[in-house]
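Structures given as structure tokens follow.
Look for subunit A in each of the two complexes below; its partner is subunit B in the first and subunit C in the second.
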Partner chain A sequence: MKRFWVLFFMFWPLLALYVCWVAPAYDWWFPGAAASPLGQRIDDLFYLILIITTVVFIGTQAALGYVLWTGAQRSDEGSEERAWFSHGSHNLEVIWTIVPAGVLLFIALYQMDVWAEYRIKTSFPEEVRNDPIAEVTARQFEWRIRYPGVDAEGNPLPLMPDPQPTDLYTVNDLHVPSGRPVMINLRTDDVQHSFFLPELRVKQDAVPGLVIPVWFEATKSGEYALLCAELCGWGHYKMKARLVAESETSWQTWLQELKAEQEFDGVVETSEEE
Partner chain B sequence: MRVLYVTSVILGASAILQGCGRMQPEFSHRDEFHELIPAAQVVVEDTLREHYGSPTDMVAWEKLPLKFSAASGRVTAVEEGTATPSSLQVSLNTGADDIQPGQNVDWLTGTLLPASGEEYTATREVVSWDPETSTLTLDAPLPEAPAPGDRFVVDLGGVLEHGRTLYAEHCQHCHGVSGDGAGPTAPYLNPPPRDYRLGKFKFTSTQTSNRATREDLSRVIENGIAGTYMPSFKLLEPDEMQAIVEYVLWLSMRGETELNLVTYFGELEDDEEVQEYVEEDFKEEFEDDISFLARRWEVSQEPAALVIPKEGRVEVTPESLRRGRALYVSDKAKCASCHGTEGLGNGPQTLAVQKDPDGNEYEHPGLYDDWGNPLEPRNLRTGIYRGGRRPIDLYRRIYAGIKGTPMPAFGTALSDQEIWDIVNYVMSMPFEEREPGDGTKPYTPPEQLATASPE
Partner chain C sequence: MSTITPTADSLAGHGDHAHGHHDIGFIRKYVFSTDHKIIGIQFLFTTLLMLMFGGFLALGVRWQLAFPWETMPIFGQFFAAQGGQVSPEFYTMLFTMHATVMIFLVIIPVLAGAFGNFLIPLMIGADDMAFPVLNMLSYWFMWPAIMCFGASFFLNEGFGPNAGPAAGWTSYPLLSALVEAAPGSGTAQFWWLMGVTLVGVSSMMGSVNYMTTIINMRAPGMTLFRMPLTIWAMFITAILQAFALPVLTAAGFMLMADRLLGTCFFIPAGIVVNNAAPTVGGGQPLLWQHLFWFYSHPAVYIMLLPAMGMVSDMLACMSRKPIFGYKPMVYSLAAIAGLGFIVWGHHMFTSGMNPALGMTFMVSTIMIALPSAVKVFNWIGTMWGGRLVFNTVMLNSVGFVSMFIVGGLSGIFMAAVPVDIYIHDTYFIVAHFHYVLFGATLFGVFAGITFWFPKMFGRMMNEPIGQLHFLLTFIGFNGTFFPMHLLGIAGMPRRYADPYLHPYLEHLLPMNQFMTISAILMGFAQFLLLGNLAYSIFFGPKCGRNPWEANGLEWVAPSPPGHGNFETVPVCYRGPYEYSAPGRDEDFWLQTEPPGPRPETPGQAAAASS
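Coming up: the complex of A and B.
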């Protein structure tokens, strides 16, 4: 029975190794492969940390197994070896302080450029840094989106801080061009929300009173989930919207259609019915 | 110690079981219902239960102009040479596109409809539906051939049941089980959630005398109502949207029916009068009112009910804005009397004492809606338009008013061009320069103002 517990505790590092090994293949951690280049780098960081923690876990479990095994041997019948008391080892203390600190320092430095690109505005891709594509305002419980609209020639206008007569509005439906970085200005009308694009690995809190720039790039055209990751109230689960990434031309066509819909004066309806 | 242990186990178990118990949803009644004499309450309750059922056991009352089921229709011919056919030629009243394999087919008339108390043996599943030949193929032969003209229904009550489930998930916690706008979240909301039981919905595309269209309701569900707690449910599938709309209409019709019933019985004072009324006039009056209610909703769904401008939107020019402004403050359109000369929603009517539908004065000055809620005229400078921000939405608000509120209809008083001028002006208001002294910029002395060029 003594050795059963040794085996019991040795089972978990093996399971951890297996889980760590197969998790990426089965998407246990993420909803599919990252749909953005920065998301891919975030995944790489995640898996690096997963490998480090798995190795550490296996190492500590192996040490635990060794201690249990030798303890079991000592208590076997006929064994003359006795347990011995150790007050502590200065060298060991130094080692297991410095090694984890070194690992943490490595992770902190290694991820710094990803973090900067993700969060620090001066590190954003230059083409989007001062050119938000839309303003996304979170509200209990929906996402209201303001686009700057298009001029008479059909060219997208710049987004102004305050609403303009040319602005276009949608709700729960964020359309962006795919294959290039885009930036949105994130706000909230009421409580703290969190702008979450799980497939693109984007998560950013929306804080009352702040306008927070968030950039992302959808690699492929398609429809992605836009959720609120903050428990922002009773109807939090209702804040499900969509991000539609599409080619530059179809995005511009969509803007034109949105403009036409928003300027609809009911007259086309008459001719359709006739 | 042992007693303490046993007691705590019993208490814990009961707390868990209590928590796990499912609350049975129930329709609540209008306040007026509770003022009726008990005998009248029984009749009203029974009548409602007979025709609408309960939240968990609904009745698909055919008199109501609703899409209860996927499809309904009549048999036109049966497969030749067989006494127990599994293939029928039919003509459909509704739902030609909604028939799916696996749905049940039930009979409403003919020999296949069992007499009361008998077991239903003629329910079959759809195997295929061919719209070109109007042929419905069933999974097994029927016990006997239906006669031409026999009526059937596909997926009996399915749409409404689907709607009920979705309503409970998304809408009920604000709008309440009965659609009375008194769900558990409602006390925390301003404006309060809509009480459907008057059959009135504010933001419609229809004429003043008409009800909302199904599209009006689905538009509100899809886009939410900006500036209120009603969020957008854009990602609902079309069949989910349809089911919710039908269920909301069903609740609305149930509420209207209850209102009619409590009105009939509200005047009766003793059991004898109730009995006399039930035996003599009640049935006929009730039938008439339901037919009227159904027709009113039906008519509202027809294209003729829509508000459609004869002329397109007037171009937004300084002249149009000037005309719009002049109308806005004029006695003809009277916009400023509620919305204020600056559009801030603070016109003189907001300080006047108004009368309720019974002719009594409200306790506090200001405007009220038909549900008795105090109402603030919209601040037009916020750029938030609850009924939609398209020009046609604003046109319709001015042309047909906002139902259930003091916002009147100007369709007959103003020409299309005048309405469009007001629409243009109202849409420009959030971007309009404010007057000096309103707190948004430094005060300009009058003499400087006079010398400034009035472009």
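Coming up: the complex of A and C.
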């Protein structure tokens, strides 16, 4: 029975490793490769940590298995061997404090750039730093998007903090140009929400009373999921929206169409609601 | 260093003993008892009851995730109004109350309340806690808290019983601050806040008592560095509790003031929810997050450190070996507690707080993995070269170590801020904290119950049933929670009543079904534990004072110890871990055994051999 338990404790880490190994093949893994440059760096960091932690995981579980197996032998019927009377080892303590400390410090320092680039405004890409492309306002339970619109010649206007008559609106449908960084201003009308683009690895809470700039870049044109990641009430799960990344020209055409549509019936709300 | 404890009568002179040796009556003895052992056992049974209840709530959550919008078998009839389905309102309530019950009514009170109470006086050689009446009150304040949480299920004007508090266990404003924000944000949220405040009162009473008792009432010879790690852990936990808890209580009162008096500590101006009048404002919801996590991060250690201490003691005993690196173990406990105060912001990386601040929180958080790692190495070191006994106690303790490794390692992913951007508020987080809170703490608790049960009731628990319980729980646990890492990596957010609404999550349904089935298996396995407890209390084989041949002072007292615990004041000659010392016939060495050529006093001999 003792041997059974040792094997039992060794079996599950192996199973865990196996499951992680096959997980990508079953799609139990990231929703596709990161669709943004920053997302790729996040994934790289994830894999780096995954390698380090896997080594530690295997090492510690194997050590556990070893001490269990030998410890089981010592208590076998007929074995006279007593436990090793030891209160520890100063050298080992020093080693297993310093080495992990070094590894952890490395992890801590290594990631700072990515974070700075993502969140610290002075490290945002120059071209978007002061030029939000839209204002995204979360509310129970939808996303409202306000674009600054275009002037008579079709040139994009700057986004103003307050709504303007020229603004264009959509609900649950965020269109941005792909292949270049864009920035949105994130707000909420009511409780807290969180702006989550899983494929782009972007997440930012929308906090009542704050306007938070968020930048991202969709490398490829396409449609991506946009959902809410902070509990906002019973309908939290259904704050389903999409991010449409498209080429610069088709994005501009889309804006023109939106403008035309909006001016046609003269109502501020557009009709893309579900 | 230590003081001789006053006699039982002078300490507990609150009327109990006014009649000399008269029987004090059933009520005073078993209900409103001031005896730390009875209080500990009361806490134990109460928290086990709550564990079952919290488990049911969790199964409700799991049901919905596996079979969304399908009528729940059997339990569906309790909410027939909705056709037995889990509505989204009901779902938010389920996970809110599941977490609330598990954290505030199970894990915290089972460690500090049940084991802290039962073990502290026994392990330091005192006859009771420093303040027995306060101790009794700390238990009895649990009940109003339980009532308040219970009331929150039902007292929710206009919304009926299926819309209890629904702002999550973290209760972030404005969801929790504006009455109109959600069906559960009304009266239900108020009762929830009252409940949290009351459990806080209960914990505070306990922690004052533990600190005082450990500082002042140690037996002669029980120096600080002869204390078992359980006691060190309880001591450090009590300090954590005492410093962190007032912040939560204050925050709770502020939130109540926001709700009842319109103070707007957490509410900014101009917010409109559900067409109510705009808020007056001036406040900041982030303030709540800071205050809440200033308590609740240390609290996750309040939910772990005592189990770490207990497991250390049990591993040493079942390996028949001294603790590997006793002092590093103490220092790492202290380091975890100290660092624990400066890492709260890691719950707020995506919250919009100053990103530079996020960076400092990141560094401190990553560093807290260090003392955690040192502890793991020392546990393995403790078993290394041991003569291991594979019983229920050992299995659960090894389970603790094995699971804690996973929880500690997943913490590093989340502590890396850029990675946390992605995995924050996904199932990866849920996986992480279940590995530490269930995988580690709860297995530690199962081990602790089995280990100290003989001292509590004078009888042993059934070994085969105990092992079967461990086997099924361990399998069910990993089946339920390991896949959550993958769900998180796949981007499945937590707290979603229906994740499959989003096409990129649709394919995760079968995996969720597998997890739910594992959870149900695990739930059933708990009846083995309950059955084992109930049976063993009355019919388990009787045991002597020291069935495990352990060293601690508690094993010198009779099983179960009478009022006042020890027949004579125990004197402590060494640390609690001198197992397998060379030159001795036995492989254990009671802390009370006088050194030198062994002229045993009759009491000692009796204690050692019975």
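The rule is simple: the second predicted complex is superposed on the first by the 247 of 274 C-alpha atoms of A that agree within 3 Å, B and C clash if a C-alpha of one lies under 4 Å from a C-alpha of the other, contacts with A are read in each partner's own complex, and residues count from 1 in each chain.
As a working rule, contacts are C-beta pairs under 8 Å (C-beta built on N, C-alpha and C of every residue); 3 or more make two chains touch, one makes a residue touch a chain.
Because the structure is a prediction, the values reported are computed rather than measured.
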In the overlaid three-chain picture, which partner chain does A:261 touch, first (subunit B) or second (subunit C), both, or neither? first
Looking at A:172 after the superposition, I want to know if it touches subunit B, subunit C, both of them or none. Which is it: first, second, both, neither? first
Of the two partner chains, subunit B (first) and subunit C (second), which one does A:132 touch, if any: first, second, both, or neither? neither
Subunit A residues in contact: does subunit B have more, or subunit C? C
When the two structures are overlaid on chain A, which partner does A:181 contact: first (subunit B), second (subunit C), both, or neither? neither
Touched partner set for A:163, first subunit B, second subunit C, both or neither: first
Which partner does A:234 reach: the first (subunit B), the second (subunit C), both, or neither? both
With the two complexes superposed on chain A, say which partner A:148 touches: subunit B (first), subunit C (second), both, or neither. neither
Check whether A:63 is in contact with subunit B, with subunit C, with both or with neither, and answer first, second, both or neither. second
By the touch definition at the top of the document, which applies to A:140: first (subunit B), second (subunit C), both, or neither? both
Intersected contact list for subunit A, partners subunit B and subunit C 140, 234-235, 238, 240
Would you tell me which residues of subunit A are touching subunit C in their complex? 1-2, 5, 8-9, 12-13, 16, 19-20, 23, 27-31, 39, 41-42, 45-46, 49-50, 52-53, 56-57, 60-61, 63-64, 67-68, 70-72, 74-75, 79, 81-89, 92-93, 96-97, 100-101, 104-105, 107-108, 111-112, 114-116, 118-120, 140, 189-192, 194, 196, 198-199, 201-205, 207-210, 212, 225, 227-238, 240
Within their complex, state which residues of subunit A touch subunit B. 139-142, 144, 163-165, 169, 171-173, 234-235, 238-242, 261-267, 269-270, 273
Enumerate the contact residues on subunit B facing subunit A in the complex. 170, 173, 185, 223-224, 226, 229, 231-235, 303, 306-309, 311-313, 383, 389-392, 395-396, 420, 427-428, 430-431
Which of the residues in subunit C come into contact with subunit A in the complex? 87-89, 91-92, 166-168, 172-175, 178, 181-183, 267-269, 271-274, 281, 283-286, 319-326, 328, 350-352, 355-356, 358-359, 362-363, 366-367, 369-370, 373-374, 376-378, 380-381, 383-390, 395, 398-399, 401-402, 405-406, 409-410, 412-413, 416-419, 421-422, 424-426, 471, 474, 478, 482-483, 485-487, 489-491, 493, 495-499, 501-504, 507-508, 511, 577, 579-582, 587
